[in-house]
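The block underneath contains the structure these notes are about, expressed in structure tokens.
Letters are used for the chains, namely A, B, C, D, E and F, taken in the order the chains are written, and counting of residues starts over at 1 for each.
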Amino acid sequence: MKILLLNPNMTQSMTDNMAAIARAAVGDAAEIIPVTATRGFPYIASRAEAQIAGGLVLEMIAEHEGSVDAVVIAAFGDPGLVGARELFDLPVVGMAEASVMTAALLGESFAVVTFSPLMTRWYAECVCATGLKDRFKGVLTPEAAPLRLGNVQTDLRDDIVLLATTAATQDHADVVILGGAPLAGLADDIAAQVPAIVVDPITAATLQAMTLALMRSKTAKPNRANKPAAKASKGLPEPLAMAIQHGGPSE
Amino acid sequence: MKILLLNPNMTQSMTDNMAAIARAAVGDAAEIIPVTATRGFPYIASRAEAQIAGGLVLEMIAEHEGSVDAVVIAAFGDPGLVGARELFDLPVVGMAEASVMTAALLGESFAVVTFSPLMTRWYAECVCATGLKDRFKGVLTPEAAPLRLGNVQTDLRDDIVLLATTAATQDHADVVILGGAPLAGLADDIAAQVPAIVVDPITAATLQAMTLALMRSKTAKPNRANKPAAKASKGLPEPLAMAIQHGGPSE
Amino acid sequence: MKILLLNPNMTQSMTDNMAAIARAAVGDAAEIIPVTATRGFPYIASRAEAQIAGGLVLEMIAEHEGSVDAVVIAAFGDPGLVGARELFDLPVVGMAEASVMTAALLGESFAVVTFSPLMTRWYAECVCATGLKDRFKGVLTPEAAPLRLGNVQTDLRDDIVLLATTAATQDHADVVILGGAPLAGLADDIAAQVPAIVVDPITAATLQAMTLALMRSKTAKPNRANKPAAKASKGLPEPLAMAIQHGGPSE
Amino acid sequence: MKILLLNPNMTQSMTDNMAAIARAAVGDAAEIIPVTATRGFPYIASRAEAQIAGGLVLEMIAEHEGSVDAVVIAAFGDPGLVGARELFDLPVVGMAEASVMTAALLGESFAVVTFSPLMTRWYAECVCATGLKDRFKGVLTPEAAPLRLGNVQTDLRDDIVLLATTAATQDHADVVILGGAPLAGLADDIAAQVPAIVVDPITAATLQAMTLALMRSKTAKPNRANKPAAKASKGLPEPLAMAIQHGGPSE
Amino acid sequence: MKILLLNPNMTQSMTDNMAAIARAAVGDAAEIIPVTATRGFPYIASRAEAQIAGGLVLEMIAEHEGSVDAVVIAAFGDPGLVGARELFDLPVVGMAEASVMTAALLGESFAVVTFSPLMTRWYAECVCATGLKDRFKGVLTPEAAPLRLGNVQTDLRDDIVLLATTAATQDHADVVILGGAPLAGLADDIAAQVPAIVVDPITAATLQAMTLALMRSKTAKPNRANKPAAKASKGLPEPLAMAIQHGGPSE
Amino acid sequence: MKILLLNPNMTQSMTDNMAAIARAAVGDAAEIIPVTATRGFPYIASRAEAQIAGGLVLEMIAEHEGSVDAVVIAAFGDPGLVGARELFDLPVVGMAEASVMTAALLGESFAVVTFSPLMTRWYAECVCATGLKDRFKGVLTPEAAPLRLGNVQTDLRDDIVLLATTAATQDHADVVILGGAPLAGLADDIAAQVPAIVVDPITAATLQAMTLALMRSKTAKPNRANKPAAKASKGLPEPLAMAIQHGGPSE
């Protein structure tokens, strides 16, 4: 089984780190195919950026659709997820939604801990967009944004442990999701110090993608009633135009 | 005052019709500047298409930002609205949200009547995304999709009147929004036959854009705390890259 | 076009101030007809008072219905709004609902800043009654109630700026509504100091009333299915009895 | 113990019938004091009418406040309830809210069956206003409004049984409330034929008023923090002005 | 009338205290039949414990069903309530739900004050399970759990008064419920010091059970459509097996 | 890895069928340990039965806790899930919740199709209890309950296909869950005929249990703040008493 690990950000080091985590999660059960956006932004942090990056996500999935079994959109805001899931006939999961659904299976309630107050609002909106608002205990962050993203796992380690502990003891979160690509992989490291179940979103998303691919391989590919009708387009990259055209010729 | 009437679909005749309606709505109080997408789709009808078209909306606003006072995104799914409103320092309204908020000021409850059952789900999601789900009485459509969009106002006139009447009498809608660009302008024509207040979305969106521009011209332009920080990008059209970079040079 | 600016409070100076703001908002586009309650309370501040004042609102609209094109109920709790909109065949807007809908078109989220903690609960209930609870970030007020209402704009200016700034930076409100007639007109004055879009409710309500009147003048007056059936009454002022009787004789 | 059974409608026969039902419910445990509105409407059926009648309710309670232990507002729309409960220092219950809360104690889910489709929307709004929307299975009515209200219990008996049965078997309502004063007293008569628990709103409201009066007589009368501050008024009947003024002189 | 006061905890002194309160509430109008669990836990404080105790509640009701008119489940978490109400043909109320519904009739909003932060989450979940989340202002507790439950009414009296005052003044709660069996009976004692209406859950639940029994005795016992079909079982105490079997022989 | 497949019903043939499906789902990646309830009911179908069976679930998990890595509660109502997840330090999933979360990762919206109208209400409540109500399109069933459960997969095959098709085309469900143990394994068989993604709950629950066990084995076992404190009990089976006592001696 092949899983496309699609980083809609342009930062290659982030992709490398996430690919290593994804490989550790699936072991021999699946092959991880990492790709990094070649246009767009170093790190998506606004709705306008997610609007644009979501279009890139569709382009990147269209390029790989025939050669992979499932897709992980490796950015916490899940750019492009809704459109991709509607358009393509293979499982597509987003880092935020997959970790939220996983957290909801591990406990009654969950919180998100992340590295910067600048992400609070967006991450909270992403969680609420999953529909699980009533089991969500909020986003906890350090008071100030970090100066550099590269080493937040070291610089903010103690803060993250403290915030996760607060989420468990004050906000009654059974599960804490460490949100955002810069924290990918930290969960294992701090789990013993946190009085809650800690979820790494890349691990969760990759395992969920594998689970869904296993399930769908068992059943015939459905002719989905809710798949959009074939449509001509103009100015789109060929693979995406073909996908939207259901394999027919683009305009 | 200048209002950008931005059609994210590529169909010029649709733009022409909507521009005429918008001009009738504002009279001498504003100048309507119509623009039509030159890439993308003839008529957006899925989430993937809206993801892509929303990116085009950002590009088109960036091109005109300096020369207009407000923007109307003239497609019922409001592609790109959330990102545009966050990024740009002028009022941006979407056809769906503007007509929903207008309807909520005209009556306690409202419904949407449109031309095709293929739009039901998407339009319902757009209305719910405004937050006014509890005052919404649903989407009513003919049973079958029309073969041609060009003349639905003539072909479906009786059906639309009947559906709007049902919305008022059975579903207790005080206000009926005629959703979707193909029905733009029909409201005036059928209003006398419908036992509810009928809203034309282009009229509503254009008047709301004018209202917001009037309000914002009265107050200093705020230095919004929630505006995204300036960011470099790669591969974006120059005006959009500049807007995201807050006027600085793009990468 | 004539807009009835109906102050359900008995304080004439409040009406004068609000009329000036409303006139500045509409310019030559409409004539503002201010009226002040001659019974009731100097300043409505409870549900019982709003119950009574809402009845006075119906009486006052009935007196002017034939000679105006739209009505603004100029008190933040929107007394009588729901009944008035159902009964009368012209647009009626409330200060709270109109500013909430306007705020929702200007940003994703909004908060209310007002002059006294005594208003917190009622204002919050009024906002929630519009249905937009999920986009609402709460009511922020000074800790203590002011001793005098007449000069709160001067006395509390710095507090209001600080509260509006907190709403934007801590509570992620894109838009701040300055709630309550005593703050009418302050928005322009402080807008440059607040990192959010600031909404003056009288300006918003007056412009929305004008917008709705423009829209409704374009369409035939509907024979609304949801208008209450004609009914006889006893003991009501003649104009209101006539309106409820659909123009027929009262008992 | 004395319970004020306040009919905000002017129809004396309705009051007489409801008083008999209330007396049967409380037996010797309480005395029922029936009063009928002397102004207003024969039967409230719209929001404007409820706005006006709610003011009359406040006047009527103020007249009797000193001599009763609890109040039942005997109209399903609960006119004036929120203001009355805030203003007066004795228990005040509405027919709709009291029967909804009682139904929620008798079963997981409940529906309302009433005599006319004209009441559907208003009754549904009254139920939702209690906050128990998620346990509510809707309002069921005959298809056409009855020509006369006086004998709906006889004319519509079979319809009501059938509708209540449908509520239980199709809509999974454990409890059926027979809404509206014209059906008062029918519950006992049809209970054996309906496969659900049937609630008579007058019985429920009267017993709840008695229960609350028993509870409050056991505790000292609180100095409620949320009681509105004393306020002068103009043009109100003396007892209501006194209540709003906290017993001080009116203007 | 006989009311079964069923304590699903094994602590006899708790039962004795609650029985005294219940008797004071009903006076001569009903006989209180107290029973105490003989298996299970001294004091239920978790979901697993409530799962088990809820089964015991069913067993205990089955033993007494024929000889009582209504049942009070005298533990704030309402263990077994939903199943009991579905299975048995007599009114069954839980301490939490009955006090919540009573509070909602006494004021617009309510809060819960209890003796230990360990109960916060569970009590909040119990309140939300009633459906009245939107009128609920939260659970307030002392910062630390008490060392002994036996004398919390004395040890924590001042804290409880302060917390109830905060609920009223800061959180705008009109009504304060003193949650948890260890606080049973304290309401009368502190009511004069709290600026809100204070509700004792045992008093509320007992009076509601009496009210419901009065109402149901008036109507024929319905053949409930939603009562579970008769079913054989294995290993259950005879009375419960009989109830589930609808009186037929168990396996 | 060992996964306990716990059937809280007493029907061995149901366990055998579900174990075969679970084994097919996990292949060599995990060992399935099936257990069947030896007390209780042949097939749980009411809340009272679930209350009792949920206690049995706790007993059965306590017996096997030390020798398995995860638990599947193999009944659609998820009896005992909330208490088990709180009490035990290993992943516990329920058939309903696991298939709902899986469905939410496969599509925007989902419906449940099952074999009998008698399950509609309970299954709908189970889905809503997961918190994902807003993405849920309802339960669809044949009009009549089947006479025998043993062969519903054959007898009702065509009905199930038709209902699943209706869910997709009329109710806009992207995913259809085949709810209830009697339909376990049917998904693969009918998937090619249904225009939606079809989910088998046993497959989903087993794969989710495996996923969660993989994730938790990677992190240290947390000292959960929200785990109930150790407590003595009376009359419980020894293993469960020990678990509740945190391994200490029972009373």
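Please note the rule applied: contacts are C-beta pairs under 8 Å (C-beta built on N, C-alpha and C of every residue); 3 or more make two chains touch, one makes a residue touch a chain.
Please read these numbers as outputs of a predicted model, since none were measured by experiment.
In this entry, A-B is the pair from A-B, B-C or A-F that repeats the interface of C-D, since more than half of their contact pairs coincide by residue number. By number of C-beta pairs in contact, A-F leads over the other of E-F and A-F. Per-chain Cα centroids separate subunit C from subunit E by 44 Å.
The mean-CA centres of subunit B and subunit E are about 52 angstrom from one another, to the nearest whole unit. Centroid to centroid, with C-alpha atoms defining each point, subunit D and subunit E lie 26 Å apart. With touch defined as above, residues shared between interfaces to two or more other chains in subunit F number as follows: 82, 86, 121, 172, 226. Residues 10, 38-42, 45-52, 54-55, 58, 80, 82-84, 86-87, 118, 121, 226, 228-229, 231-236, 240, 244 of subunit F are the ones that touch subunit E when the two sit in their complex. For subunit D in complex with subunit E, the touching residues are 24-25, 29, 82, 85-86, 91, 93, 97-98, 101-102, 104-108, 130-135, 165, 168-169, 172, 174, 187-188, 191-192, 194-200, 203-204, 207-208, 210-212, 214-216, 218-220, 222-226.
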